[in-house]
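So, here's a batch of structures to check.
Each of the next two complexes has subunit A plus one other chain: subunit B in the first, subunit C in the second.
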Partner chain A sequence: MGRAAVVRLLHALGVIAVVVTLTFALARLLPGDPFASIADHPSVDAAWRARLRTTYGFDEPLLAQFVRWCGAVLRGDLGYSFSAQRPVRELLAHALPWTLLLSSVALTVGGVLGIALGSGQAVRRGGWADRLTGSTTLVLASIPDVVVATAVLVLFGQRLRWFPIGGATGLDGGGAGDVARHLVLPAATLALLVAVTLARFHRAAMVRGADADYLLAARASGLSRWRIFWRHALPNAIAPTLTVIGVLLPILLTGTIFVEKVFAWPGMGSVLANAVLARDYHVVTAVALLSTTAVVVASAAIDALLAWLDPRTRAR
Partner chain B sequence: MTTPFFEVRALSVSATSATLVAPVDFAIAPGRSLALVGPSGAGKSTIARAILDLLPRGLTRRGSVWLDGVAIHDGSGPWRARRIGALFQDPTTALDPLMRIGAQIAEVVRAGGERDHRRAARIAIDALAELGIDAPDARARQYPHELSGGQRQRAALARALVLRPALLIADEPTSALDVTTQAQFLAALDRRRGTDGLAVLLVSHDLAVVAAHAEEVLVLAQGAVVERGRTTDVLRSPQHAITRALCALHAPSAPRAPHHPSDGAPIIATQRLTKHFPVAAGWRTTHTALHAVDDVTLSVHPGEVLAIVGESGCGKSTFARLLPRLLEPTAGAIHSGARDVRALNGPALRRWRASTQLLLQESAASLDPMRTLDDAIREGLRLHAADAPHTHDARVRAAADAVGLGRALLDRPPAQCSMGERQRAALARALVVDPDVLILDEPTASLDAVAADHLLAQLAAIQCARTLTLIVITHDLGIVRRLATQIAVMYLGRVVEHGPAAEVLATPAHPYTRALLDAVPGAAGVPIAGDVPSPLAPPSGCVFHPRCTRPDRNDDCTRRIPPLLDIAPARRAACWRAAPALPETLA
Partner chain C sequence: MRLLALLAVLGCASPDASRTATLVVATSAEPSSLLPMFVTETQGRAVSEQLFDRLSEIGPGLNTVGDAGFAPRLAERWEWSADSLRIAFHLDPRARWHDGQPVRAIDVQRALQLVKDSRTTAPQASDFGAIDSISVTDSLTATAWFSRRSPQQFYLAGYLLFPVPAHAIAGIAPDSLRTSAFARAPIGSGPFTLVSWLPQDRIELRAVADHYRGAPTLGRVVWQYASEASVSVRRLFAGEADFMETLSPPDVAELAKYPEVRAVGYPSFDYTLLAFNARDPVRHTQPHPLFGDRALRRALTMAVDRQQLARALFDSLGAPGLGPFVRAQAFADTTIPAIPFDVVAARATLDSLGWRLGANDSIRTRGGKRLAWSTLVPASSKNRQKAALILQAAFKAVGAEMTIEGLDFAGFLARQDARRFDAAIVGWRPNAGAVSLPQTWGRAGLRPGGNNLASYASDTFDAAVDSGVNALSPVEQRRLLRRAFETIIADAPAIWLYEPRNVAGAHRRVAVPALRPDAWWADLSRWTVAARLPRDTVTR
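Now for the complex of A and B:
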């Protein structure tokens, strides 16, 4: 057990190192740099332009820059954001709680909804409710996130005016109630997107397991349908669903750019989008570091959960 | 005659368009057993599920089921497990893999009205103990995958009987079990009939089991009863063609004469062949090894049919995979004539594998579901045959003809074929490259009696026509009688007896061989107790000593491993007490 954990940890560190190196290199392959918009103006003196870049080390070879950056990261210094005019750590420390709030609420609501929908469909498979839910989730899964987000925004924010459209400011701005009101629409949109994906996977897993002999044996043993569902059918079908959740988890952390943009939610997605446009290298690489770590941690957590659920994987 | 205890009246099953089971009536008295027999597709299992009101979607039942004069149906209160228990075919899938054995039985106890969790758990353990499962406390805490097939099936039986139902419906309860575990299981069932007056409805395709464990029999064909009566009468003078055909399948055939003693070089000879699987133990690299195959020295001559028999978990399948080097041996040698098989690599190894074909047990899973049978058979030719592709058509057809596979089937994917057809396609795939040796791993395990008989007949014909060498891995002594010229008995990775089939079957030298023969349904002997010990920690000395019942066993048996020694011309056994007058030098 212990040995496997160490191997797993080394493997995870390797993954993080590769992703961070690639991101560092790719960000710098984009044309321009953080000063392109100001320093490359024809009126700016060439000598001053060069001095600016020397000051921040952008004239050094890429490898030297990378080594210096790695050293800084190991000391806990993620660099400076030129576009936001503040240290990257501060920027992320501000955005991360917003993203964690949004994604955890969306994942919980969407997860429960998706598993419930998928299970309900599987139990009544072939019936009208199954077919209706199936086509609805298919349509919703096919529409791009941004369209769903915009539709939700227009309908509930603009037309019905049930919830504010955007501009959440934080506990010091409007208090918890205000944050909660701003949370409803983006969280509902994300939860819906999570739910439709999960419902499709979960229904398939439940249907695949529906003919299992142990379910027939459980019915022949006089167990109630409710107990058979909770104790036998659901735990045996949940593994693929949990794996999908593991894949969704890191996407929710940074991949919610569109939803965050549409609802002006001050989370990691917004930070990343702004940073890429402004060639804000340090921010982009720091977000990559964070999200890769999240992927690795999420997949380890899901594997641990699957092992806990399934004694057969524990034995190995 | 009093009123029948359990009664089925005019029970029929229909789908929207067709009748699957025509109205059937039968009754079973307490302590008695009635068997439903017939070829697959005859409606046996459908009747069993109709009684339980657990038919698949789209099927409806008519008629009524009575127990003690009361009609049983879904509206008549809880009756499943309380009044009618059920047991289904496959012990590997009948228990939830995610739940401990004890919990699975205890939840039935609680569904039966027991409120106290502790007491329910206690009752579950008692139910396991009652069926002769050793260390029931420990078993109750284990998960299904940690138990052997026989233990799992007995645990499933414990669950089916824990609420003491009046009737047990057992659908092919032993088809997936070894002959020894089958005997233990059926003996446990018979005991409950005697002690509790349990009535049993036995669904089976195995007439040998039916003859020994059911007083009455109903023969079904295509959803209708074609013959019924007392088992002894029906089997002694079968009236209907179907019954006669089923009886003919089980007529004991005389074992085959030993193959002409060939003085030539063996086609495969293993020397002290060993395969241990490393099992990771913990933090530091302390490995224990699973002893799958231990020190096996066997030779097979051209044209011989060697049957390797033993319970599951004895290393038979691992041995089969070592020969074409699909698994690498841990130690020992494999020779074919002058060739050192372990030294082969590249094209020479590929040629060796083409000449030593392996037919796997699960034919359904060994064929690519996306390819037609024709494709599957042809693939071997593409890889191994030197001749021009335009001759392949003829060779594929010839192989299909040889195994009796209709040409119309060749364009179908496996999913559209029956199990028997798939197994024959897998056989054609093995034969098309013209191998010298064919290794068959439980060739009939997934087939019903009729399909199995068909396949064995074809195999025998092909073997004679081509003087093919066969190595048949099986736990079915019927197959051994029918095909084998030689027998090797394996126990816990070791060969414990080897010799000509007729002699070994007539006068088994090793107590384990004796035990296997005694476990055949209807045999007079007492079934061997217990299970095969874990190959992770084989017993000391003779690996069989914990289960050995020889009265003359002694300290040697527990301390020293008996070598496989000549006991008669062409016969070897690994038993300290079987060897006549061991030379002092060896002792």
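Now for the complex of A and C:
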């Protein structure tokens, strides 16, 4: 057990190292530098941008930059963001909580809704409710995410004015209630997109197990339909769904770019999108470090959860 | 009483009623810094120039020659020496930094030292080369020394230079100033002080009640950021924001559905051009195989109906470009003849240059080479992308093939810096003065890292610009620069495409004065807002 844990840890560290190294190099292969967006003016010439590159060491060989960056990271310094004009650590410390809030609410609501929809479809397999839900989730899954987000924003924010348009807090200092009001539209959009994905996976998992022997035995022993569902069918079908959730977790950390941009949510997705466009190397690499770590941790957590839920997987 | 009732009906605000009001500005980009010496972009200037005052403010005519029209700010008055090589600025004794310390002459001196210090990496450091030094005559008198007379002496020292609180930055090394905590939360001298800067979210400023120029008529100003411009527009339409500096033509059309929001037009300081690279993009010492030829550039210019192009992009909210200047600049001359739109003449010129169309060809060739090139366009600019498509069609009509190469802005700028392009659609926002002309179009900008993107070189132009920039009267400057502009327009190193007319969106509760083309925010501290929303009652 101890050896397996060490192997897993080393494997995880290897994955993080490879992803971060690749991101570090690829970001610098893109044309441009972090000073492009702050110098579009006739009085500002290329020589000035070159001087800035020298001042901040971006003209050094890639390897030298990487070694310097690694040393700084080990000291807890993630560098400076020239697009946000603050240390990267400070920028991420501001953005991460907002993304975690958005993602956790969206994942919880979307997860429960998706599993409920998928279960409902499976229980009434072939019926009109199954077909209607299946068609609806297929349509929603097919519409580009950004279209769904924009439609939600225009309808509920601009036209009906039920919720604020963008941002995470208002100007009136409203506290938790204020944050909740701002959270509704982006979280609902993201939850909807999570739900339609999960519903389809979960229905398929439930249908695959519908003719299993243990369910046949349960039915033969006279258990109620709901008891069979809650005690036998759902726990056995949940494993593949949890695996999908495990994949979604890290995506929700940085993959919420479109929702964060459309709703001006000041989270990690916005940070990453802006940093890539601004060639803000330090931010891009730091986000890669953070998201890869999240992938590794989420993967381990899901494996542990699956093992707890399904004893058969513990021996694997 | 009747007046108050009338104001209430009209939704306007008296200055007193406005003093608790919040003005919310929706915009798409955060400042690159809050210290004016590091800021060049509009969004950053709008904020940093509320935090910091200059020695003097430019007049409504935007004259930059001498001190005509300039109004006192931190300097309550100034004196020229008899030989015009010194200007003594007498500071307003009531002026205070936001921490309560008085503004002193040493703050003016320190500002120049920092801007000129290469370690500070201030982007416009080269502009200040004309000021030798600033000496402290007494605590309230700073004297700027110049090595030679120039028409923009006063503009440089009195307008472009922002004093900094020497006492607050004493411990910060010049090479750390840009990334220092002070740069994010500075102590300024302007009518507003910083409350908070939440990254990717907002910047909040609060009025300085005891400001030496009088309390602002607004209680606070909040810049709300959204990287998607559409979010900013929706905030304005939904009443969550009070002002947005630029609306696109489709947004202006949609404005009719929102009676509580109105359009406010004002002249622009932006112009866009198609720059022809006169040098080979690979072997920079060689002329460009196509655009090294003046006659070819002129022929291609004749192929473009710029009037139609401006109308297609902006309807009535834009005009064809005139040359390397905008109409709002004090020295602008709208009577200089342009190369006319004349497709027949364009075709004839191309024929005469040996670029011929074969019987079944749609693209001209000469010596087996096609008349074809690629044009860089930043993907972030919808207007420039649309302009590229219109140009492509116009050139095709005369037998030339232009391919469009869309790049994100950082990539676009990298290629532009390296001069690795045939042609590029470039947007410029010049300073009010003519001082940057030699750098952008003269031989001075041809050096490596210079700003003469088209690598345009003309002795006639250089001489005329040099004379114009150094003319000591606005009338003389205009006359001399006209000669320079006639030369460059005839040489066609670029096609001057369009100059948009800005349209801002403003909520009707905001009384917006006439907006200055180079700085809509110039009188922000005097704007009034009818305080009637929950956000207007927040006190801090």
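The rule is simple: the second predicted complex is superposed on the first by the 293 of 316 C-alpha atoms of A that agree within 3 Å, B and C clash if a C-alpha of one lies under 4 Å from a C-alpha of the other, contacts with A are read in each partner's own complex, and residues count from 1 in each chain.
By definition in this document, a residue touches a chain if its C-beta (ideal position, glycine included) is under 8 Å from a C-beta of that chain, and two chains touch if they have at least 3 such contacts.
What you see is a predicted model; the values in this text were computed from it and never measured.
**Q** A:R49 in the overlay: touching subunit B, subunit C, both, or neither? Say first, second, both or neither.
**A** Second partner only.
**Q** Determine, under the contact definition given at the top, whether A:L63 touches first (subunit B), second (subunit C), both, or neither.
**A** After superposition on chain A, A:L63 lies in contact with neither partner.
**Q** Quick check on the superposed pair: does A:A176 touch subunit B, subunit C, both, or neither? Answer first, second, both or neither.
**A** Neither partner.
**Q** Just subunit B (first), just subunit C (second), both, or neither: which does A:A218 touch?
**A** After superposing on A, A:A218 lies in contact with subunit B but is clear of subunit C.
**Q** Which partner does A:L29 contact after superposing on A: first (subunit B), second (subunit C), both, neither?
**A** Once the two structures are laid over each other on A, A:L29 reaches no partner at all.
**Q** State whether subunit B or subunit C is in contact with more residues of subunit A in the superposed arrangement.
**A** Looking at subunit A, the partner in contact with more of its residues is C.
**Q** Of the two partner chains, subunit B (first) and subunit C (second), which one does A:L74 touch, if any: first, second, both, or neither?
**A** Neither partner.
**Q** After the superposition on A, what does A:N274 contact: first (subunit B), second (subunit C), both or neither?
**A** Touch partner of A:N274: subunit C, not subunit B.
**Q** Enumerate the contact residues on subunit B facing subunit A in the complex.
**A** 52, 54, 57, 78-82, 85-90, 93-99, 107-108, 111-112, 143, 145-146, 156, 159-160, 163, 280, 282-285
**Q** Give the list of subunit C residues in touch with subunit A in this complex.
**A** For subunit C paired with subunit A, touching residues are 22, 24, 29-34, 38, 40-41, 118-119, 121, 123-127, 175, 179, 183-184, 198-202, 204, 222, 224-228, 230-231, 234-235, 237-240, 380, 407-411, 413-415, 417-418, 427-431, 436, 439-440, 445, 447-451, 534-535, 538.
**Q** Considering the complex alone, what residue numbers of subunit A touch subunit B?
**A** Where subunit A meets subunit B, its residues are 1-3, 126, 212-214, 216-224, 227, 231-232, 235-236, 309-312, 315.
**Q** Quick check on the complex: what are the subunit A residues that touch subunit C?
**A** 30-33, 36-52, 55, 80, 83-86, 91, 94-95, 150, 153-154, 157-158, 161, 164-173, 261-264, 266, 270-271, 273-274, 277-279
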